[in-house]
């Protein structure tokens, strides 16, 4: 697969590296709002620089990976689809439901392979956990707990543009919840506080949040988010069912244990998503190429982006209106 | 301390054993609705059988331990206080706020040493965790997660009489939350399902529940209850703060690890409260005797029983009315 | 069982406490070389002071627990047996084989219940491990590793009188090895160094040692001793067999885990034998009383003391003569 | 670096893959005793097939990686050195000291960059452990325990040609011991048994072995080998020092923990060296290229191969002669 990468920033570089390691896909072109960033990345991997505006018609490109800034996602996605290119789009498609739905409508008219960048589904830990659930080894799933904490809060100005904690950060957990609960979520209860950085509160957001999701059959899911964990990236899931409990523990750099006067000490969790999800990004590319070749749906697609956003909208409304919100009310 | 035990059932026997091991307290008398039960326990420990109705005036008894059936707690508590006896009362004082408040009023007029049986405060794990919080070693506490799962559900008929999951089971977690959060709780959001035994649902109760508590300063607390965990009694707490996270893990019978073709296997958690909280019951007696001798407040008292019950009432109302409930509205 | 305790020192007090908690045995009398020590302990538990010399004929005593200084063990043991008393003797019977054999000969003529204080056989961890081995759950045992490290070295003067590391410290591990290997040991290879305290070396002893034992069928056992582990009492066993591996890990005070900038920290091991083997001492009394009542052999007896001492002798000779020593050569 | 690979078997393929992932080195040529094996691997990576006999003079090759059968190592090593090529040679250089010394003499005359394939030095776990030792965080190292167990025994015919357990398997542990003890080893005591496969014993070898090494200052090192661990590749190290203990635990595929009626279950160790040491093989190539570019010594060199072989020889002699062997006696 010959792939054009839109966006040469931090996450674009992660994807470029994963592409480079994958013999089934080659980085053909790189575009960026800052031409010098595109040039630097393109030259590193022997790709050409792409003028994003013009080159979507290029017959020599099979696919587009959208890793540009969030507000540009939907338009690039639509143009890629209209050009008949497969597309892997970083989440979210857009920060509002209307724009997201418009993009989905374009995809409906131009049914290309479309993957959405919910990287955690590709994480080996969580993928293995999901497999155990599917195999029924914990019996019937009853409750799920998802803990997700970033090592350090973003600047308050980022928070303002990000759509807020639910749309920007917890959206990953909403997707996890949907994937693992494996039945419709019907209600969202959210609670949030600003305990870490007052500037985040002044920007109208929270930095600490808890949510309870309820599914159609009564399964309960707890999500626990913090914008700052001094010990690193805390990414754990606990699934509880009629025949047992399954926990995905944090990954660590080494398996060393030091025992001294202060106790028995092991590594703290890996620092952030680049460390923790390196393998997930590789697997994501793999899944994308494979889906394109096999003409099957990728592990996460555009509809998953819409559904996760609906949950984020419901959580935001629940927080503001101080009441549980039925997902049916989020259109 | 010479102590009279009211109630010779399962929990009464646990207390009798803890009393027997403690050189500072002697079991002087035993009463039970079933005289033969009282006699059996009394003869085992060399105590006399007490006619509960008559003997509270007995000058030879210093204290009363109430471990009889829940509906009798409040009256025994009042009579003990009126007789000037110290009293250790199993939780709850009563299943409704009005009766509980009436008992507290009697205690206000007859200020004897009064301890309430929130045994988990005396558990070495949770006591050590609380100590670390007090010392500030995780910085400022921001979120708390309390997981509490019983090994097997009670019969549905018990559930009916018990006051329901929030008043009967989660009440312990509400007390833990109050103790550890260490500031006023202002709001309760509850969600519950009947996933384990339909008879529990028919009796009007849930068997699986999640709650979010919010404190005055915005701290968030998650409580996670299930009436059935096939692997035993799941009793864990996770406290997250600005300087770190502290987890109380489950206790196990041994520290053996078997590694074989099926993986690395360690013991499951201890089976139920008798195994897990054996030491807690001993410590509870110790604290009670010590509080009585030193004329200080015990670790958990009657007011703590009232406050935990208010949280249970709020949770029950939140579940029924499908909305967050302000604790101020629970009078 | 009415029991007389000889020795009111540190280990005597441990036994007195275990006796006090056991309803099947009562502490009737206490003797000590220092009468005031005997009096203090006797009065604490309502026992009378015993003149060790005179009272063995006392018809009112069923058993003698010998916890006096090592050089007195054998004589007390013999006198107890000659008086027809059951006897629980702290290890070792004596520091040399000849004296030990003489005591065994007296026991052969006066076959009373005789238990030897190899407390580790009564430790719940090691007892559970042994049970798993007996049940064959690791298949055929092939190798065993025993790690035993004290928190701090004894004074060099103690070392001189103790018989040295092999007779004083590793003797426990030799007994463990015998119990778990469950077949004759035929050869001992020892290596030792003085790495911790030069005074120990000047006293002619080592403070760090490794041994390899070989059994008749070729099973291999590694023993690893150090007189000082800064993190506490390190007491672990690893059994490896054809169907798996079983490890007894160290016990800790709590199961708390703190995660912070320095990593994930759990408690260090319990500090020393009083903390680690508290339950073992209780179980030892239980086993002794039960063996006496049931007229069965206790879990560890005088012959086990002799056999462990033979292994210590072999190790000492192996160290000195720098060669493996066949156990048959130790008479 | 342009590299020629000699040997297209299992380990050759591992190296080819690691080379392919490393942008600093390219696989220029492949040779194998079986031309079709060489062709298959060469075509996979776009390399040419090398006639091993003729092409060492090829000016277009910088380095040779020797992954052919053991008896050919020394000659290829010498020819590479004589041709001025850098060389990375799989261990061992030869199975006897004389042939090894002859190769070292050639290297002395032709001082090219020469790395020896002691892959474990490049394992992230063990490298991190070594770093902690070097930094002195466990104080002064006193004892070391190295556990190394293969998942399944090789065929008895392999055992015969391999030089035996000490030269073929424990040689890795001898190298680890040398690297971590960081001072001269002076004595070797070995013990071995045939407990797994009688055919191994009939071939004159052991399948289960324990060794004690002693260093000049008295540090002790225990090595524990088994040819078969039903749960996979058991690769652990425990370093004990004056200020603490450091343990490298086994790696597992995931960090999932399942808790059910059978207990708390985590993954067994990774199955064998291809899984466990995948990263080590990559790091080994990295170190080799870097050493060649920087004209520095690689992490493990030819002399390390000789010294590890001397330890294996000493162990073999110790086993046969049933006595400790001074390393000085192994010439």
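Chains: A, B, C and D, in written order; residue numbering restarts at 1 for each.
The criterion applied here is as follows: a residue touches a chain if its C-beta (ideal position, glycine included) is under 8 Å from a C-beta of that chain, and two chains touch if they have at least 3 such contacts.
Since we're looking at a predicted model, the values are computed, not measured.
When chain A is laid over chain C using CA atoms, the rotation angle comes to 180 degrees (nearest 5). Centroid to centroid, with C-alpha atoms defining each point, chain A and chain C lie 58 Å apart.
Distance from the chain B centre to the chain C centre is 41 Å, each centre being the mean of its Cα atoms.
Residue positions 230-231, 243-245, 259-261 of chain C are each in touch with at least two other chains. In terms of which chains touch, the assembly is arranged so that all chains touch all other chains. In the complex of the two chains, the chain C residues touching chain B come out as 21, 124-125, 128-129, 132, 137-138, 243-251, 253-261. Interface residues of chain B, counted against chain D in their complex, comprise 230-231, 252, 259-269. Remark: chain B residues 139-140, 142-143, 145, 149, 187, 189, 191-196, 208-210, 212, 214, 217-220, 222, 224, 226, 228-231, 234, 240, 242-245, 322-324 touch chain A in the complex.
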